[in-house]
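Chain nomenclature is as follows: A, B, C, D, E, F, G, H, I, J, K and L, assigned in order of appearance, with residue numbering initiated at 1 for each chain independently.
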Amino acid sequence: MSVVKSPLSEENRQIAGEALQGALSDLLDLSLVAKQAHWNLYGPRFRSIHLQLDEVVTAARTYADTVAERAAAIGVSPDGRATTVAKSSGLPAFPEGWIQDGRVVAVLVETYGVLINRMRARIEAMEKADAVTQDLFIGLTAELEKEYWMFQAENRD
Amino acid sequence: MSVVKSPLSEENRQIAGEALQGALSDLLDLSLVAKQAHWNLYGPRFRSIHLQLDEVVTAARTYADTVAERAAAIGVSPDGRATTVAKSSGLPAFPEGWIQDGRVVAVLVETYGVLINRMRARIEAMEKADAVTQDLFIGLTAELEKEYWMFQAENRD
Amino acid sequence: MSVVKSPLSEENRQIAGEALQGALSDLLDLSLVAKQAHWNLYGPRFRSIHLQLDEVVTAARTYADTVAERAAAIGVSPDGRATTVAKSSGLPAFPEGWIQDGRVVAVLVETYGVLINRMRARIEAMEKADAVTQDLFIGLTAELEKEYWMFQAENRD
Amino acid sequence: MSVVKSPLSEENRQIAGEALQGALSDLLDLSLVAKQAHWNLYGPRFRSIHLQLDEVVTAARTYADTVAERAAAIGVSPDGRATTVAKSSGLPAFPEGWIQDGRVVAVLVETYGVLINRMRARIEAMEKADAVTQDLFIGLTAELEKEYWMFQAENRD
Amino acid sequence: MSVVKSPLSEENRQIAGEALQGALSDLLDLSLVAKQAHWNLYGPRFRSIHLQLDEVVTAARTYADTVAERAAAIGVSPDGRATTVAKSSGLPAFPEGWIQDGRVVAVLVETYGVLINRMRARIEAMEKADAVTQDLFIGLTAELEKEYWMFQAENRD
Amino acid sequence: MSVVKSPLSEENRQIAGEALQGALSDLLDLSLVAKQAHWNLYGPRFRSIHLQLDEVVTAARTYADTVAERAAAIGVSPDGRATTVAKSSGLPAFPEGWIQDGRVVAVLVETYGVLINRMRARIEAMEKADAVTQDLFIGLTAELEKEYWMFQAENRD
Amino acid sequence: MSVVKSPLSEENRQIAGEALQGALSDLLDLSLVAKQAHWNLYGPRFRSIHLQLDEVVTAARTYADTVAERAAAIGVSPDGRATTVAKSSGLPAFPEGWIQDGRVVAVLVETYGVLINRMRARIEAMEKADAVTQDLFIGLTAELEKEYWMFQAENRD
Amino acid sequence: MSVVKSPLSEENRQIAGEALQGALSDLLDLSLVAKQAHWNLYGPRFRSIHLQLDEVVTAARTYADTVAERAAAIGVSPDGRATTVAKSSGLPAFPEGWIQDGRVVAVLVETYGVLINRMRARIEAMEKADAVTQDLFIGLTAELEKEYWMFQAENRD
Amino acid sequence: MSVVKSPLSEENRQIAGEALQGALSDLLDLSLVAKQAHWNLYGPRFRSIHLQLDEVVTAARTYADTVAERAAAIGVSPDGRATTVAKSSGLPAFPEGWIQDGRVVAVLVETYGVLINRMRARIEAMEKADAVTQDLFIGLTAELEKEYWMFQAENRD
Amino acid sequence: MSVVKSPLSEENRQIAGEALQGALSDLLDLSLVAKQAHWNLYGPRFRSIHLQLDEVVTAARTYADTVAERAAAIGVSPDGRATTVAKSSGLPAFPEGWIQDGRVVAVLVETYGVLINRMRARIEAMEKADAVTQDLFIGLTAELEKEYWMFQAENRD
Amino acid sequence: MSVVKSPLSEENRQIAGEALQGALSDLLDLSLVAKQAHWNLYGPRFRSIHLQLDEVVTAARTYADTVAERAAAIGVSPDGRATTVAKSSGLPAFPEGWIQDGRVVAVLVETYGVLINRMRARIEAMEKADAVTQDLFIGLTAELEKEYWMFQAENRD
Amino acid sequence: MSVVKSPLSEENRQIAGEALQGALSDLLDLSLVAKQAHWNLYGPRFRSIHLQLDEVVTAARTYADTVAERAAAIGVSPDGRATTVAKSSGLPAFPEGWIQDGRVVAVLVETYGVLINRMRARIEAMEKADAVTQDLFIGLTAELEKEYWMFQAENRD
């Protein structure tokens, strides 16, 4: 028995729930990855990228919260526990230990590339399932693509 | 070769580094656990505990950041990636799915109990290794014990 | 003669205008209902729900304002007078007099359920009439479904 | 059986309760009337009066809240539901549809005139019933008479 | 010889001074009682009432300050020392040790009941002595009766 | 013909209007006197009294505004022009040129003494004329008597 | 070779890029036109419209920034240089020199009318090209149509 | 004997002191005139001009304070008492009683015209006397001429 | 049976509990003493010391809260009731009635001297009992010794 | 016939008007150029310069507003339309398309160099025409030369 | 080779550079002197002057920053190192150790006297060298002369 | 005779006083050194390091204030005059003139290294002398080691 009565049909609830749970894992992982980079970064661009990464962390946490509360609102229990994130995130693994500034930027470019592909697939999957969840994914993707642009611009000499 | 020259002797650097890395895993896990509870909670006390848990999340994130940056400051690369947290956190596992308000409070009481024991052991371990890190752990423990009191008070009829 | 030249065709203006006027009555009624509950509430959960209801009031007033100004923007005079709201709101009647905390939550769960159904019908009705008004309804519905989840979570032991 | 033990004698509780309930209906109606005008207004003075009316709305909502909570405090359940306001407000009916700026000002001058007469009668009625409620009405009337002056000043060429 | 020349006749100065000193003891006691409850509270409603009590503390401190400075303004030295409060407060004694949430609410309902009776007697005593001090007491009583309502509403199942 | 229709009878309008006009002159004069002292002050207590006087200026300006807008609200044109203030203020003349700190305090003690007597007479004059204006004078007098106490306390060794 | 890898196919990138560049020129022109009116305005409604125009300027600058950064995010270099705006803006030319208040309002009504038509065409053009850019145009158009209503309301006697 | 040792020669101190005292009287008068208009204004433009006049009041008070403190800084006791302002202000007399909006604007245009002529004469008089005081007058005049423009723009149909 | 499970051994809980309860009485007394002085003060330094004492009050209240919540956190019920403070505070009695500025400063110097001795003894008592409580006392003592310096500096000619 | 009566002679009005109009074109162009660079920038220093350029935009917009309102204040209609800026700006043309970080800095160094020469010529031209406008140009030039220093410092290895 | 291309001729760059470097040493010294007094002050006026001195510190630091950045802007490397300040400040030496309140004021009066003479000489030296730097010195001197007045006023019984 | 009665024994007062005076010189020097670098910096990383250095300045000033006020609190007169700092700071001399970004970072790394060694020696020296001063040094060192880490991370390619 569910705690929340879904405003969606059972089929759409499952489609939307799966997309939201996937997005939740990816976004919580992004928040942890960006903090990891924030702490382990070195190189002449340290300060600028250190600050930029904290903005990524703050944004990723907010996106994750939005996505998880949307899951709850359609009657799906969101799972954001460490083991779940570790197992199900679709983002590339982040390297261990101290990491140079240029490499951090390159890794984030790759990470955003993967994440945006996954988000755009979720937008499509929502086309028939739920207009409200789709609109939320569209809004998130706009933000992610903006951040992606900035890391790409920063990644070119 | 390390990025940061430690203000500590190599032996003390290792002792303090281990304690800080352990605290980092625990505290990041606390932040994820409290968010999980924040989203999956139900029961008549929903709103009050929902808000309280977000304060726990905010505090745990700040504590984790302090601890990770202290590790960097003594020349130890902090590791806060999802897989590391999932593997090395010392906190009890948090149950899956929707969870009743009273049970959330009970789980948090247990979680804080375990965490505080681990932090007090770290305070002792720092006695000879590093007064600065010890002071940081003492300050954190004061906050955690205060939050522990509140969940205990809330856990009794 | 209208004060405002509509950016829509006359047919779409009428479809969108009707949906917006309906939403306006519902949302102003929600703001009055929630204030009524805020004042007449009693029971052990008084303070928590008293505060929660004021957040509902604030949100409902903002939603109503958005909806009414959208009506004006498409050349439809919005009607938010007491007699109109009393006559045309689609929300269930709110009981008279002092009311217990648990019952307030149950009544709001029912109220949100009805309102969300009506809003989802309006989203559909806008599909061909006006993408801008539809987007506004989608955004509102996301908020209402989030509040609905919270009252449901609070309504279960 | 009442939820709240009145600090007044039963007779005074009834006198004060009636006056407060009357004021509540009038003030909620004022808030809806001013919003209606805010949305339907047109004419060269649109922007200035549009902003002024939102200040009236904000003030009227605050006054209504004060009055309703005073009713509760003396053990009288306040009634601010749309049907009650529609039935019992003493303010003149506000015209339907788009409305010219000069006419809005004139209607508000008339509305304030009626409202202030009703409030001054309530001040007198409280003379023996309750000094605390009387003081609250006196404070409100001061504000209403100040707003009345401004609309009158604006209503003359 | 007094530090401050009273704007009142000697007789009225004494009447008003006595009422103000009595109110000062009561209100400082209320601030200490509410802090005591804030710290010693337990039970499922802990967090909500813990926060509510801090609002009572803040309000009571502000009221006490207003009353004491009014005493000074009419040429009467206010006495707010611990021994004076302990000796002369008219509020019921607050129980020792940890205290359950429901009992805290019940004790506060009783405490406000007593305090409001005493304040209403002071309003009457001021009728002839000083309109300025009377107005101050009326304003304070309005606030206290509002808080009393809330604790009563919270005290009923 | 007046711009504003008075809520008072013609007789009461005249009584209240005269009292308000008198208060306006006194309070504008107080604001100018306190600025004059603020600029011309010298002595070891310069900084402390310089700041205190600016608080008097700010308060006096606010009081004057309140009083003038009350006059307008009852249909009486307020007169706050320099020549009117110079002619009709009831405050003692302030000495020319640089002025020692102790003397400033003594002059303000005298000034407040005169002003408060005049305000208390106005409170009485309002007893039958207008409860709303009377309440405004009572509130103002409370503030003035508080400031009077402070200057007196500062005026004694 | 482009700085930014587009999340869109080359065809869609070109369609969206063209629409975004067109919107950028229009919106920068709107910001310059509104400032021009802000400075050259005269007439009895000067202050009210002077302030309103600055809100238009602020909004138009924000819209332009959003649109330009979206272009960059899809891999299209935005062009907001004066010569480009002068050449490619679709808004009507704004008259030279001092300009009367009523005429400013009429010119802005015409300008918004043209701009909204162009924006609605861009919404349609995005239907297949990019849902994210479309959503951005829908949000912008909602704001522009709201501002359009206000200038129309202000433009009628 | 002066309280303050002037940084200027005695001759220049006198020239600058005279100019500053003249400016002080004018500016205090402007602040009283604008408040008088703020209170006595009527007409369709009431609200807009009522707010504009309060900005004039605030600015004029700040200018007067700057000028008076500059006088003190060069060893000249500033005189801002009501009688001095009444006697020595160079501004045209402001009419008694209620005053129409258009006439208020016209009076202020005239007043600013006179004041700016007097300020420009003071700028010239400072050429040799004191560069610091001159710079202060130049800054003030820039502000006054900006306000003058606005009232002129508002004064033309 | 205690509400809170102490993180300390029973022996250390008792030692720390006693020290915290003693500090609580002293600090609440300090807050009441400083308010008493704030109200009863007179002399040429009135304003400066009146403000300084309010800072002492605010600080003392915060310290008391910190200490009481630490007691609760180690499982000891804090007692801050008026009778307890009156009985157990270790601070010197504060004189009755109006009190001269110089004497207030002297009394506070004496009071801080006594309090700091007591706090330093508590720091030592915590050496083995609880590092967390000790750190809290050290932090508080740093603040108290800073305030002590300021009153001493103010106490010498 | 002009809207605004100039405080300057006709000759000086023309000299000052020409200088102000020239400055307006240059400064609006600077604001558009800096936004263009803000959007099209790439390279390792992306984030730092992206933020710096937005500060330039904000400053340039403020300067342009100051200059345009000064023109109005001396009776000269300012012209800030896109076509006028495109035609009359004295700044070097900014390159099309994406642009590398180092090149952006170099282009801005060149741009500021040209602009400052033009502004210094305007300061001289004002020597006899208008001290108020001259002072405004001097203040602006101080800001521009400070920004110029920063870009130069950033432009050297 | 210089980092910054000066907007001044080489001769003027040297004259202005020398004046700015002199002012920098003086102002940094003022900031250190005022902090020294802030810490070592004693006497009955302790609190008032302690606060006043911190305002002097804040102002002096801001002035020094302005002056140093102006030096950089004209291509002169500013030198604000401790040894340079110690060697080249023109301010009188500040006495060692604790210092009485009256003596602090007297020393600051002397210090400001010296500093203002030096600043006025720098204003003259800039007459031909650089109008921008001169304007900056005039603005600073206005502030310093205002602070000088206040210390003088405070220095007289 | 000292102004302040030390809470420490004479021996401990001397030990703590010496350590605090040493720290004061070092920290004031750090604040001057960082400002010097802030002004004289050049290179592609100019903006980022320019901002970072201002954070160092702000922090160092706050640390110095804390240390100096602690000295006063234990009865030791702190000495922060330019000559004292120049003579007794233990930091390496900062080079004269313009300085490249990479070199600034390297110099700061060296400076922090020296300073932290000195601070750690002071922590040890306080072990027996004063727990309160020791705790203050520990807190400061934590901050300095964090800043040290950042400059080191920035100092490596």
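In this text, contacts are C-beta pairs under 8 Å (C-beta built on N, C-alpha and C of every residue); 3 or more make two chains touch, one makes a residue touch a chain.
Computed from a predicted model, the values in this text were never measured in an experiment.
Sharing over half of its contact pairs with E-I by residue number, the repeated interface among K-L, A-G or J-L is K-L. Should one ask which of C-G and K-L has more C-beta pairs in contact, the pair is K-L.
Mean C-alpha positions place chain F and chain H at a centre distance of 23 Å.
In terms of their C-alpha centroids, the spacing between chain A and chain C amounts to 32 Å. Per-chain CA centroids place chain F at a distance of 42 Å from chain K. As a whole-number value, the distance joining the C-alpha centres of chain G and chain K reads 50 Å. The set of chain B residues that touch two or more partner chains comprises 3, 42, 45, 48, 69, 72, 135, 152-153, 156. Across the whole structure, chains are in contact as follows: A-B, A-C, A-G, A-J, A-L, B-C, B-E, B-I, B-L, C-D, C-E, C-G, D-E, D-F, D-G, D-H, E-F, E-I, F-H, F-I, F-K, G-H, G-J, H-J, H-K, I-K, I-L, J-K, J-L, K-L.
The part of chain L that touches chain A in the complex is made up of residues 45, 48-49, 52, 102, 150, 152-154, 156-157. Only residues 3-5, 7, 69-70, 72-74, 131-132, 135-136 of chain G touch chain A when the two sit together in their complex. Interface residues of chain E facing chain B in the complex, by the touch rule stated above, are 41-48, 50, 100.
Of all residues in chain C, only 2-3, 28-29, 32-33, 35-36, 39-40, 42, 64-65, 68-69, 71-72, 77-83, 85-87, 89, 93-94, 96-98 touch chain D in the complex they form. Only residues 113, 116-117, 120, 123, 135, 138-139, 141-142, 145-146, 148-149, 152-153, 156 of chain J touch chain K when the two sit together in their complex.
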